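Several structures are given next for inspection.
Shared between the two complexes below is chain A, which pairs with chain B and chain C, respectively.
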Partner chain A sequence: MNVYLFELRRIWKSAVSWSAILLALLIVLMAVVYPMYYSARAEVEAALAGFPPQFAAAFVGVSLDRIFSYGGFYAFGYLYLSLLGAIMAAVLGLDLFAREKRAKCTDFLMTKPMRRIHLFAAKALAGLTALILTNALFLLVSFLLYRAQEQGTLQPGRAVLASGALFFTQLVIFAVSACIAAYAKKIRSTSGGAMAIGFGGFILTALHSILEEDALRYIAPYKYFDVSLAFSEGRFETPYVVTAAAVTISLLFLSAVKYCTSDVHAV
Partner chain B sequence: MNIIRRELRAGLKPFLFWGIGLFVLVFAGIAKSTGLTAGGEGFTAFTESFPRVVLAVVGMVGVDISTFGGYYAVLAQYAVILTAVYAVYLGNNAVSRESVDKTYEFVFTKPRARSFILLRKLLSAGVYLAAFCTLDFLFSIAAIATLKLNEAMTAKIALFAIGAWLIGLVFFSMGAFFATVAKNTERGARYGNILILICFVLGVACDMMENGGALKFLSPFKYFTSRDLLEGRLDWPYVCICLFVAAAALFAAFRCFERRDLNAV
Partner chain C sequence: MSAVIETERLTKYYGKARGIIDVGMAVNEGEIFGFIGPNGAGKSTTIRTLLSLIHKTSGEARIFGMDCEKDKVKILSEVGYLPGEVFYYDNMRAIDLLKYSASFYRKDCMPRIKELAELLQLDLLKKIEDMSLGNKKKVGIVQGLLHSPKLIILDEPTSGLDPLMQRTFFDLIRKENEQGATVLFSSHILSEVQRICDRVAIIKEGRIISTQKIADLRQSAYKRVSLTLKEPAGDFRLSGATDITVDGSHINFIYGGDCNALLGAISQLPLINVDITEPELEEIFLHYYVE
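Our next item is the complex of A and B:
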């Protein structure tokens, strides 16, 4: 319990500021930019009418209704929300699991009468608590925005599912960063590492969407949970959900093993 | 010379790591481009008739994916992001690595001025930044050559790499500057990384606006538009802005570093 409370005290500031950033981005996107975007629909329809149909197909891909729906726009915004969310999760993961390594006081913590697996669990729980609270708030705000902005029929279940994508993505990245923190010899800067992880995932995801290669989607973390599908059909795709779960569980397991068995150096 | 040699050796491993990331991005990206020439003539005119906010959402601002050049420009944007993150790391690391490793008292008690040591550290970090952009150029050329794409793009790709280097230089020097002014090393790194995020978000916002004029100054990611680069020119005012910001930040970094209270946090 002490470790859990200590870690919570250490991370709450960054968790709160990251939640504020995520919420601000969400609100700006969905309450300010989306109405602007939606009102441009007539103009696009007019422009499309003046061009051959194959252009329209290349440009839009799917129907205009889909592109201009709340879900369609949320899927666009989600690219950036997931980037920031992933950086937040990586900051938490690296901060929690590499704290003693960075402060060179691992021996201080490890000589306490507490099993290492308990230490690991307390740290992981502290991180989870922060992520859950952040996402509870995110879900609420996201749902309210959906209620206010959706132009078609309301489908609350789907909106909640789509907003949940952020939480699941954050869990994956949290596990990735915990594993990196456990295995790396040295973490010089939490934020630097978190940026590398976050933008690494962003570039992998972008690579998948540029190349349109299905195999790449297994390594595109922000595409494991497809929000536009959640909006249109109310589900995520099973193979990628299974991949995400497997990645998360196995990486957490690996980092727990490393954390519990690694040698501790005095300095 | 000893310092430079040591710094170069210390920076080699991270450099290889980042180089591999760049390699994957460039080769995977270019490999797929062979099958991509949708659209054709007139597509640019077609996309230009839409409001910018719509184009931004569909990911087509100032992009003409019907040509290989336009496609390469999309990839190059991601290479620039990679360069910026690496550059902040380099600048920050040059200033505060000894503090993080708690070895600052070995090097800064040597009979050399602090600025003498810092200059050499920054120089070797700068070498890696330049090497990273050169790699960007070489990988692109090599990918095009091995895939026999028959595109005469060498000069334009060089321009893309120079643009990436200039933008990287801004982030490199700002990273160094923040590391010297912040009270502790973690905070210094955080400021640099927040700067990247802010610039990135402003860049996205800039794409959405019909008239992003003022915003463009604030987002280095948008300084060199792919249209200009593909026409074979760098926007001189922005080149000057990059060089000026870099020079000012580095100057300030040296001033602050001389007075900094060196400690191990």
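Our next item is the complex of A and C:
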């Protein structure tokens, strides 16, 4: 418990700052930009009415309702929310699991009467607590925005599920960063490392979007949870959910093994 | 007298590189046991294996009769450790670090923290990163002793401490020892070990080459002698002198034997200057153990 509380105290400032950034982006996107975007619907409809029917169909795709829906716009904004959320999770993971390595004080912690697995668990739990609190707030604000902005029928369950995508993505990235912290010999900068992880995930996700190769989606962490599908059908796709869970659990397991069994050399 | 630390054929390899080989030693309850050897000899590797910071390749290591790896938690609750170089978390005051350290032990450590801080003249409210090397070391000392451990492991503990503080530190360790703590004191400075220890193990290239009482080590103490004469020195010979080099009017040698015989012999020479110093450990190994 002492390690858990110590770690929470060390990460709370960073967690609060990142939560504020995430919420600010969410509010700007869904409370400021979306209403402006939605108000342009009539003009787009009028413009499309002047197009030949075939052209209009190709331009719009399936339906204007979907494009101008709250869920459709949220899905567009989610890419940026997930990028910020991923950087936050990476900051927490690197900060928690590489803290002693960076401060060269691993000896201090590892000569305390506590099993390494308990130290690892306390750190993981502190990170998880920060992510849960952030996402509880995110979920609440997101839900309130949904209720205020949704023009069609309210489907609260779907909105909650879609908002949960951020939490699940953050768990994946948290596990990735914990693993990097455990295996890297040196972590010079938490923020630099976190940016690299966040943008690394963004590039993998963009790669899938550009090449449209289905197999690439398994390594595109921000596409494991399709928020658009969550809004339209109230579900995520099982193969990608399973992949996300497998990646998270295996990386946390590997991190724990390394953390518990590695030699701590003198600095 | 029961052994607090026991190792049998304790071996550690880092890949193919030698750490320690077949280290066997027994530190008895209530003694101050010195552990000396040159840098890279294996002192820290032995200590880090005892503390379960690194995992042994083979052999046995027990503290308080318990296995160092399997019973690590029980053992570490009664062990205080002070490394040669101390590093702590960024942006923390000494008191916060010490409170965090104390939170791992099931006892109220605050009175002891205050007592030690007062003795060492340590400002507990200062941020550790703003402290001098010596003051950081003091934080390390308080951190290692705040839970009144039964076994104190010191790995090159005096680096960074000024001579006055070294004296305070040695007094403190002696006091802890008088109150029942066993001490393992690792150093590459022979005089430090001679000053405080009851027995000493000497480690070289990963192997313990001798374990003896400090009193015996003193008897066989070696000195490096440098003489400057008024005139060029001729052939120089003296019973007990080895590694003799004559360079013009300068004579250097390692002397092991009766000091009176040495003084008697050199007083016959036309001297300008005499230096009698403690030889480096390497020199002792070279001239005493190898030969």
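Just so we're on the same page, the second predicted complex is superposed on the first by the 259 of 267 C-alpha atoms of A that agree within 3 Å, B and C clash if a C-alpha of one lies under 4 Å from a C-alpha of the other, contacts with A are read in each partner's own complex, and residues count from 1 in each chain.
The rule is simple: a residue touches a chain if its C-beta (ideal position, glycine included) is under 8 Å from a C-beta of that chain, and two chains touch if they have at least 3 such contacts.
Just so it is clear, the structure is predicted and the values come from calculations on it, not from any experiment.
Counting touched residues of chain A, say whether chain B or chain C comes out ahead.
B
Quick one: classify A:F6 as touching chain B (first), chain C (second), both or neither.
second
Given the touch rule stated above, what does A:R235 touch, chain B (first), chain C (second), both, or neither?
neither
Touch check for A:P113: first (chain B), second (chain C), both, or neither?
Second partner only, chain C.
A:S189 contacts which: chain B (first), chain C (second), both, neither?
In the superposed model, A:S189 contacts chain B only, not chain C.
Looking at A:I203 after the superposition, I want to know if it touches chain B, chain C, both of them or none. Which is it: first, second, both, neither?
In the superposition, A:I203 contacts chain B only.
Report for A:T261: first if it touches chain B alone, second if chain C alone, otherwise both or neither.
After superposition on chain A, A:T261 lies in contact with chain C alone.
One more residue to check, A:K104. First (chain B), second (chain C), both or neither?
It touches chain B and chain C both.
Using the touch definition from the top, say if A:R147 reaches chain B (first), chain C (second), both or neither.
Neither: A:R147 stays clear of chain B and chain C.
Jot down the residues of chain A that show up as touching in both complexes, chain B in one and chain C in the other.
Comparing the two interfaces on chain A, one with chain B and one with chain C, the shared residues are 104.
Under the definition above, what is the set of chain A residues touching chain B in their complex?
25, 33, 36-37, 40, 43-44, 47, 50-51, 55, 58-60, 67, 73, 76, 80, 84, 87, 102, 104, 186, 188-192, 194-196, 199-200, 202-203, 206-207, 210-213, 216
Spell out the residues on chain B that touch chain A in their complex, using ranges where they run on.
21, 24-25, 28-29, 32, 38-39, 42-43, 46-47, 49-51, 53-54, 57-58, 60, 74-75, 78, 81-82, 85, 88-89, 92-93, 97, 100-102, 185-186, 189-190, 193-194, 196-197, 201, 204, 208
So in the complex, the part of chain C that touches chain A is made up of which residues?
14, 44, 48, 51-55, 72-77, 79, 81, 83-85, 87-90, 100-101, 103-105, 143
Looking at the complex, which residues from chain A come into contact with chain C?
Per the touch definition, chain A meets chain C at residues 2, 6, 10, 99, 103-105, 107-108, 110-115, 261, 263-267.
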